[in-house]
């Protein structure tokens, strides 16, 4: 394959060629029959852009703020696990790319680079920390403390994963983390080892089932607030009802997500779930979205529909698989450029020019 | 093919490889051009799961009751004919698998294992008996008596089959039961022989047309109640109107089904027919569903939409074709696990936590 | 290919193998990009059958009447041109098959067997004559007279063909009638020769443009009534407006048709056009339908939606191509059997048992 | 490939075989993932023609007027850039074909034949001039003056291109104009050279970004009116809001277009955008449409939905690629014939017979 990669899809095709099956399937797969995985992308096609003409777009500003901090564009890096399977520099390279582009990097709890490694490697990036709550709350408390000390600016609590979804490819592969890698946020405890119970299928499911706390409820948000003053973002909300409960529980942000279609197959695409959440709490908290963002027009659509920021998980992995930090920078630059063009050609000079009327569901056109 | 089978679809692919054409086509085929056969599966994709977050799902209970008796999960075995074509142990193996998993097994009238063989082989399984009404009512009366004596707990009267549908593959194959097998519930009478009239096409169509009673009406439910005190379940209802008539006729359960898409092509998928029936009689009788259940999320959807129990026919046959009782146990264990994960990740700890609002038609999202 | 043909689609595949390209394309093709050709079939799949249970269907009667005359089933033979390209006996064989099955045969004006030949060959068939109006009205008057004398019982006036549609395959093939055949209803005049102007494309388009009268209007129905007392059926109506005008003009029947998708690409499928016409004039005249009938369930759907009779054109040609009269009889027998099964399994013992509520558009199920 | 080309699609296939990748991709491609490119065509299939019967269509008149001037049919040539890549005679051949057929030719600003060359080559064609506004207004003023002097009758201002869309194929190809060609409307200035900045991708994007004025607003229409009395047509409108603003700004025509799907992927198909614009300003100005017109029925649909004229861009390029002027004449003759047949078979003898009720969205038929 020629290395003439000009869009995210090109990088995805490339990653399919170079990654091992074990790693590729882990990154690529969704839950069950993967219908939602397909729909996360395809659903964007059902929303149509209504560009406006003859507006001065000669000078454009793509920057925005999230939780009060400036980012160069409304596109950040979503947390994904075990990024060193894609490139030896893993999360560190990913964070450095986000730093170079001036956007936010979200580190996963189950990363192959530690909180401290990432901080050292990318000292100036805006960092958020993704959190799972362990049965042993001391594990979580310790992670929160270390994240605070390392300058992370928000806690992204994953609320859609009392268990990890059944990803059939991982079960077939009896997924394991390659032996030279480890869950770097843990040290010498059982929290480190995801490989010991993979006889029956994915070692990760066994790990999660044994260590994550499936009894977490809304009341635990209270606990989390009691141990940290960092703003809390709830990631994995798909209904207006839960968004409202999240706001009542004190969340600073609602992150609309179906976990990359990795939890239950058959949920709506995340972009489909966005409108009801915007309607319910859009005037109270910041709303983010991940799931299926592959093109600058997807970003435009999500923003017109009420998201303040979108996040990409897999595309950064394809960038890592290509060439580490450089690859992620290429990915981010491509989508930034695409978004810039979408903005300009739609008649917008900055983020606040993007209006809800500029994106409609395709059914709008069949009702005319 | 590697024997790394992790979902029902994998077992279906395997069965296509190992079964004879005559048997495979009989099990696999639907009526006519098989549009409904495809839609029975695909229609599930049109319903979307709305998972709820941050609920205590650490301890889950999948059990429920049907007609007052406990089952370990809301997934049972639907009646399918002539199971010994799939494995020498046929219906006996299937019943033992249901027994092992703690769920219900429904024996077909036109089985290749008799009422008594099944009972002896799986003495503790919860058993229901599927009934066709023969022109010669003594045949049916005798079946009912034997089922009662053998401890069957309900009669599942098939109401959608005055004739058997035209399954083109069977007509092409001039389907016959292999000579070493017989309709085991009959002995030495004409009721046994389905092979004598297959010159023109499927021997089964000729058998049904000559022996089944196409003049059965709602009044015959009265007759059936007069000869047995077993609860009667009506299998094959697709409209609210017939569900209401069924309740008025005294049915204890309404089994929503299009007979595995084997009767008339062009009916709705059974999951599509469910809502109107739930709305009409859901507060009066138990409602069951078969047709296209292939994944734990399908079970979740059917329950959220009002079914108390779902049944699977073909998947058990694919399990039999793989390894008899063990194969069916694998099938049942896979879907039980998938359903358990769907339950947990949707925020439900038990069956009663599944609410109607948790599943919506996809059009819900295009109207937002 | 094995000669194990069990449905109309099998015969279509067979015909594709045995017919010459010139003849096959003429029979097979639709206008333009052939979207309507595909939709004529596919649209039936969008209507769903709602079968009713537990009705006495032991004895079924498929017969009905059209224009007061009894037919054995509500399925007749539509007019198609130049049938001797499919089999040496052409229209005669087709008429004999209709006679054998007890249904109606409609002879085309541009047939390769004459009015008199067909009458002699199938003296007892119920015959209708399809009419085009020639610029030279004496041509048409003569055809009407001969049809009356030969015992034809209705005139089927094609109202959708002021010109013949552009069928690209015929244009590519520069379609001609094979030299051993002729338009048998004409003798030694220019009306006979469709081959003289095919340098630019289809010879048939040139023929039609030079001889058919594109100035015919509703007032010409008056003229036609003045020269014949035969009932007039208007074939090619697709809108309620024209159906109403047809009834006002004195038509005895409205034949809903898009001319086998051969006139303009982009019309609705004929089954889609049926409901508005039934609503407008269903209580005033008989309504027929052709276009895409390939299966007994299609017949059932059309009747539930208000058609009194359906007609098939191409399927009879595939039957002719297979084995002449015997082939058409097989086609008619297959669809009669399929319709009989659809009737029974839907809970109907005769035509009048088919109720409008038994067929719904698929959108019915997405609104529940 | 045989040269038996009978529809526009055939010419498209042929062009794919004979053009260089650089040229073909430039002509063929759309923005981004090319969803809108596909939809521009496919959307026409969602509108259905309702033909009327028994009307006198023996003599048909396809002519109409645009901006007061007669054309032989409602189908003109849309502006496309750099046509000499398709044929040595490029825009001149295209204009001569339009002249031969009696319709309008629109010359692009970034043509490879100059205003004066085209005028000399096709002195009698009705000519419109497509305009981009350069940062250096003197460039634009000069183009307008020359167009006026050369007898162009309208200015078609492109309003949807503050920047040119990202066409991935051009980026991959690092598109350049072949060295023997030039932007012929410019002479010896930087405006001529689109090839100097193609290291990073398409040279055209770099050209546009450096020279076109992305700060143009509605007020610049005022400026344009101040320098020319030619009527102004606004090309690239997709919303009712902009159409209204265009009329208020004094436009004589609104040209509904998504720029051949080349600007932002994800806009509606242009035919989908037409109805709201017709509803908003259809009684005030002339409305034109381009995008996806490939067949005479597409023309019929656009006119029934309110367009006065449709334009084709790529089809003329395929004609050029085939045989220059002759090829474009074939293209125009084919679609004129197809439109004539669509008109006649729908029961229309001239353009004013085409009524809005004759075309409906397909959803009309699912609501019956």
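As written, the chains take the letters A, B, C and D, and residue 1 is the first residue of each chain.
Operating definition for what follows: a residue touches a chain if its C-beta (ideal position, glycine included) is under 8 Å from a C-beta of that chain, and two chains touch if they have at least 3 such contacts.
Since this is a predicted model, take the numbers as computed values, not measurements.
*Asks:* Mind checking chain C against chain D and telling me if their interface is mostly the same residue numbers on each side, over half, or mostly different?
*Replies:* different
*Asks:* How many angstrom lie between the CA centroids of chain A and chain C, rounded to a whole number?
*Replies:* 59
*Asks:* Could you put a whole-Å number on the gap between the CA centroids of chain A and chain B?
*Replies:* 41
*Asks:* Among the residues of chain B, pick out those that touch two or more other chains and give their numbers.
*Replies:* Those would be 362.
*Asks:* So which chains actually touch one another? I want all the pairs, not just one.
*Replies:* Once each pair is checked, the touching ones are A-B, A-D, B-C, C-D.
*Asks:* For the complex, which residues does chain A have touching chain B?
*Replies:* 32-33, 35, 46, 159-163, 165-166, 168, 171-172, 201, 213-218, 220-221, 234, 236-239, 241-242, 245, 263-268, 272-273, 275-276, 361-363
*Asks:* Quick check: in the complex, which residue numbers of chain C touch chain B?
*Replies:* Touching chain B from chain C are residues 4, 6-7, 9, 44-45, 47-58, 295-297, 300-301, 337-338, 341-342, 344-347, 362, 365-368.
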